[in-house]
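Below you'll find the structure I mean.
We just call them A, B, C and D in the order they show up, numbering each chain from 1.
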Amino acid sequence: MEKIRICLIGAGRVGKVHALSLKNNIPEAELVAVVEKDEGAVQRFTKEFGLKKSFKDHRDALEWGEFDAIIITTPTFTHKMITVDAAHAKKHIFCEKPMALNVEEADEMVQEVEKAKVKLQIGFMRRFDRGFLAAKQKVERGLIGEPVLIKSTTRGPGLPPEWARDVSKSGGMLAEVGSHDFDTLKWFAESKFKEIFAFATNYKCYELKKKYPDFYDHAIIIARFQNERLGMIDIGCPVDYGYDARTEILGTNGVIFVGTVEDNELVVCTKNGGAASPLHSSWRNRFKEAYIDELKYFVSIVKGDGEPLVSGKDGKEIVEAVVAANKSIQTGHSVILSP
Amino acid sequence: MEKIRICLIGAGRVGKVHALSLKNNIPEAELVAVVEKDEGAVQRFTKEFGLKKSFKDHRDALEWGEFDAIIITTPTFTHKMITVDAAHAKKHIFCEKPMALNVEEADEMVQEVEKAKVKLQIGFMRRFDRGFLAAKQKVERGLIGEPVLIKSTTRGPGLPPEWARDVSKSGGMLAEVGSHDFDTLKWFAESKFKEIFAFATNYKCYELKKKYPDFYDHAIIIARFQNERLGMIDIGCPVDYGYDARTEILGTNGVIFVGTVEDNELVVCTKNGGAASPLHSSWRNRFKEAYIDELKYFVSIVKGDGEPLVSGKDGKEIVEAVVAANKSIQTGHSVILSP
Amino acid sequence: MEKIRICLIGAGRVGKVHALSLKNNIPEAELVAVVEKDEGAVQRFTKEFGLKKSFKDHRDALEWGEFDAIIITTPTFTHKMITVDAAHAKKHIFCEKPMALNVEEADEMVQEVEKAKVKLQIGFMRRFDRGFLAAKQKVERGLIGEPVLIKSTTRGPGLPPEWARDVSKSGGMLAEVGSHDFDTLKWFAESKFKEIFAFATNYKCYELKKKYPDFYDHAIIIARFQNERLGMIDIGCPVDYGYDARTEILGTNGVIFVGTVEDNELVVCTKNGGAASPLHSSWRNRFKEAYIDELKYFVSIVKGDGEPLVSGKDGKEIVEAVVAANKSIQTGHSVILSP
Amino acid sequence: MEKIRICLIGAGRVGKVHALSLKNNIPEAELVAVVEKDEGAVQRFTKEFGLKKSFKDHRDALEWGEFDAIIITTPTFTHKMITVDAAHAKKHIFCEKPMALNVEEADEMVQEVEKAKVKLQIGFMRRFDRGFLAAKQKVERGLIGEPVLIKSTTRGPGLPPEWARDVSKSGGMLAEVGSHDFDTLKWFAESKFKEIFAFATNYKCYELKKKYPDFYDHAIIIARFQNERLGMIDIGCPVDYGYDARTEILGTNGVIFVGTVEDNELVVCTKNGGAASPLHSSWRNRFKEAYIDELKYFVSIVKGDGEPLVSGKDGKEIVEAVVAANKSIQTGHSVILSP
């Protein structure tokens, strides 16, 4: 059995998550090279993962070309360029969320990928989480009737990276964090967003406001879909207590809850502590298996079977929703999306 | 010990809840009369509660006057008139939510009550619920830092009464059901509403749409307070699965959850049923103790101690928020409230 | 409607619980007198409950006789004498658990009560708890098949009263605390105990060991019923963390859990505290409604309808089991009970 | 990096679990051969795992010898012979629980392994479970004071394999299923068992009783440790509802719960189903990560670092406890173990 050869673009936090998945859990693939500008990161990375090849520019890696697919984990503003270049080089692409800065970029990515006939999968790993998958199945089997309202919450202990704090350049926290929530809404609503209204506030990061006047650390959004289903999102970063991702799907006959604040390891009861369970500490732990499973799936389609579960078109719709929500925050008005 | 004598105005569902509280759980007070137009209801009621007096019109009851206080449980559009008449007759008033149809009515009620120096308490019983009270205490003790976002959900198995389905006459479901959620938001935000945006849809009651074109059975709302705290509300009636009232208060240092879908009686595990807990069947059961405790409190202030925990001014702010949310649904725009 | 008149024997902790139930929640009955040796307790009690009559000896109360029923909350070693005297005086009897010190006493009580044709109800209030009742119903409807194993845990923050620490005089903690667990086992097993084996240890009360060499503060018991069903009990007092009463019923097709350590008011999530719920603080709170409901039921049968849900015969079987378990602890052998 | 080479003895259910762990999750080791008598199983296995070598007898594998360690998953009565042979061949040994049929076998295994200076780890994977590990840490940090009582429950949907149903040959269900519970008790009690008493019953497998008169499908055990701590175990197989493994550790200052019946994927609320969570379906899923982690640990010590977390001496004490519990069931008396 020949292993799928993968080149990782970006050796940051999520880059490392994928590298570890490849090393420890996906024997069908192997990481063969990394592209990273930061010299120190390159050295640590090639050592930890036993890599022989590294590049500072993705174009050099593509020129070398001894791999089947790339994983893009660099800042959002680089996604389009790298994807288009990789498509031209006939490499399959796994691209982290958010797919792109705006709809135009996303459109171009989809076009070039289609032309090149390579696979493009977007990194919405929640769709591979055991709980979310079970919820989706139950909804499809009609267990709660027709979905009416989808609610999604994401909060985390840390701030997005520096480059993602400038809303104008990155889409800000709605793009970095909220993309997952928008994708969850869309996945369960099975429709395109029709109208979005949002409020945002900066509660905890007063300093950042000086550098980035548009910066917000908490946002709440309500949405209406083309098929009249409704959606609600709230996101907050940083929150002190832990990592918190929960979704609720209300249907005409019932409701489903996915995700809990507790990580359900154990309960400790003491006089002063009450009955206490540990909280999730990070998205890395909460979605550990989902990160492995999305990459396993990508590897399997690169080997020839099936289509991406999360396509470029899916990614594009989320970009569109994020852009609309940011516009609502900036204008104070609701934003109507084209059908 | 002289018992506080109470006259109940309205012998419907919530009227009976209060009558039962008085009979079974509040020995300091006694129900002495009922005002009700429906002849059959009067007979059943006077028999069940051993009442000697009944009236068809609240003015006749006030003229008789052998009681200390009234409990108003009639339709919203009667609240102002009855409150004003009772204030003139120097009777203390417990008035069910929503307080009134609009701010003008609420203003008049507050004025007349103040002039007459009688007590007026609004029926937001959640403020007396053990869980909500504990949450409030913990927030006030700073356990979760400064509140940032308050979320409230209410869903129930039944529709509001017929008269409450015409949004123009009653405020509709936002008034009948959502009042509680608006009050919870305000209570924890400790501020006035500044801006409100809402979507509403009719998912389950197509027939009602013909008779009441503005009718909706599900609504979602986001709000911003004068102190920049945020709020989210979603309500739905009827939902098939049970009665569901949950609140979440996110602070700068933690988060508090009040209320669960399960009523925590027991868990039954079977192969096909999974691990299943019963759901709350009704607001009557979920807030059983809170209904008793709000009335106990009212009786205690009628006897001379303290001020209403939920005042006419509180009630008025909620009326204002409900009116704004309905306007947002009708216009499609967010509504800015006066500070 | 004539109220049932009740005389309370014993003005201690559980005596007060019953007095409060009568005052605040059972309008069909009224407390008319108290019997209590402690002068100070009598004064506080008659004042708090507005009583006109008090006695130091139950025989004086019986001689006065202007009541329908008595509630016995005095130490176990007095139960037989008071019950027999009350039966002779044709008073109905609500007797706290444990019913008696030994089977001979229990037998005499049952006989005299039957002769006198008065009602005798034993204070196993868990049978009136909403959760336990729901569990019983579900078992009876066959939801988990045939019961196979019943497990019951009771732990509490405080020690039994002084007189109950001497195992030889009172049955010790197995009688004071464990009676509830034995009754739960029997109720769900629907059979008589056949064999009992127990271990006990003194972990926390070393001082008491000096005064009462047989004293233990933790005990574990396994039992086999005549119908071959199995049972497990563990009890511990004092435990630091709170009041904890949980039951598990394993059937051939499923399992039911009743009771949780958490009191389910709310969940507070903070970085250091995890996701924490308050614990039950006391049996008074945990079984607040059950204490009211068992007395309501007793009042209803005194008025003429139906038989005790927990009879003298039930109480006697529990006494038998407690005696057997204590014997097992003392001898180190399992104890076989007569069929 | 040279991979640790492993030979698997036994290609049954748990053999496959370990083979999958090696293939998918432990890149530091590789499975190189399998020993299995069943021809069909061998073919399926070598194909699925791409093995070039297979043997019908473990002695042939040891003679070939091109591996560092073996994993024993054959029936209990073969453990001693294979372990002793492997020790003589200087192979490291991972041996499934229960370690052996009786203390004499276990003693011999420990001796030969010590003489040969090879590593021997027993397959009590619960010690590697995230929840159990967290509990152990918290106990060691003194969070609940000194442990007083340890309770462990294991139930599963299936019966042990045929050879394990004959209590005289295999130790029966107490050995096959209950070994885990005995080990958990010992691990938290940090002491040797002192006295054990048990009841067992056959509730569901009447047919098996004919073939194996000693067969039982449910058993309950209480135990006392040398350091006076207490223990309770209940096991049942088959149970219809799912796989259920829960542990409770009561300390002088608090209590810890590990494991839940729910697998916490999601909650579905419907009118008839209540609030329902899926149950664990199998030990494979419940302890999926623990099975990987125990083998990872074994591989790491074979590479040279550290001692087994679960040693032959640990395994022997559990064998001793199982033998005692079976003796208690057969004799009806408690069994005292040598200190």
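In this section, contacts are C-beta pairs under 8 Å (C-beta built on N, C-alpha and C of every residue); 3 or more make two chains touch, one makes a residue touch a chain.
As the structure is a computational prediction, the values presented were derived from the model and not from experiment.
Engineer: Looking at chain pairs A-D and A-B, which one is connected by more C-beta pairs in contact?
Structural biologist: Higher contact count goes to A-B.
Engineer: Report the chain pair from C-D, A-D or A-C that duplicates the B-C interface, where duplication means over half of the contact pairs agree by residue number.
Structural biologist: Interface equivalent to B-C: A-D.
Engineer: In whole angstrom, how far does the Cα centroid of chain A sit from the Cα centroid of chain B?
Structural biologist: Chain centroid spacing, chain A to chain B, equals 41 Å.
Engineer: For chain B and chain D, what's the span in angstrom between their mean Cα positions?
Structural biologist: Between these chains, centre-to-centre, one finds 57 Å.
Engineer: Among all residues of chain D, which ones touch two or more of the remaining chains?
Structural biologist: 240-241, 244, 253-255, 257, 261, 267-271, 273, 278
Engineer: Using the touch definition from the top, list the residues of chain D that touch chain A in their complex.
Structural biologist: Interface residues on the chain D side: 1, 23-25, 27, 50, 130-131, 134-135, 138, 143-144, 253-258, 260, 264-271, 273, 278.
Engineer: Under the stated contact criterion, what part of chain C meets chain A in this complex?
Structural biologist: For chain C paired with chain A, touching residues are 240-242, 244, 261-262, 267-271, 273-279.
Engineer: Provide the residue numbers of chain B that touch chain A in the complex, in ascending order.
Structural biologist: It comes out as residues 145-146, 148-149, 151, 155, 195, 197-199, 201, 203-204, 218, 220-222, 224, 228, 230, 232, 234, 236, 239-241, 244, 250, 252-255, 257, 261, 332-334.
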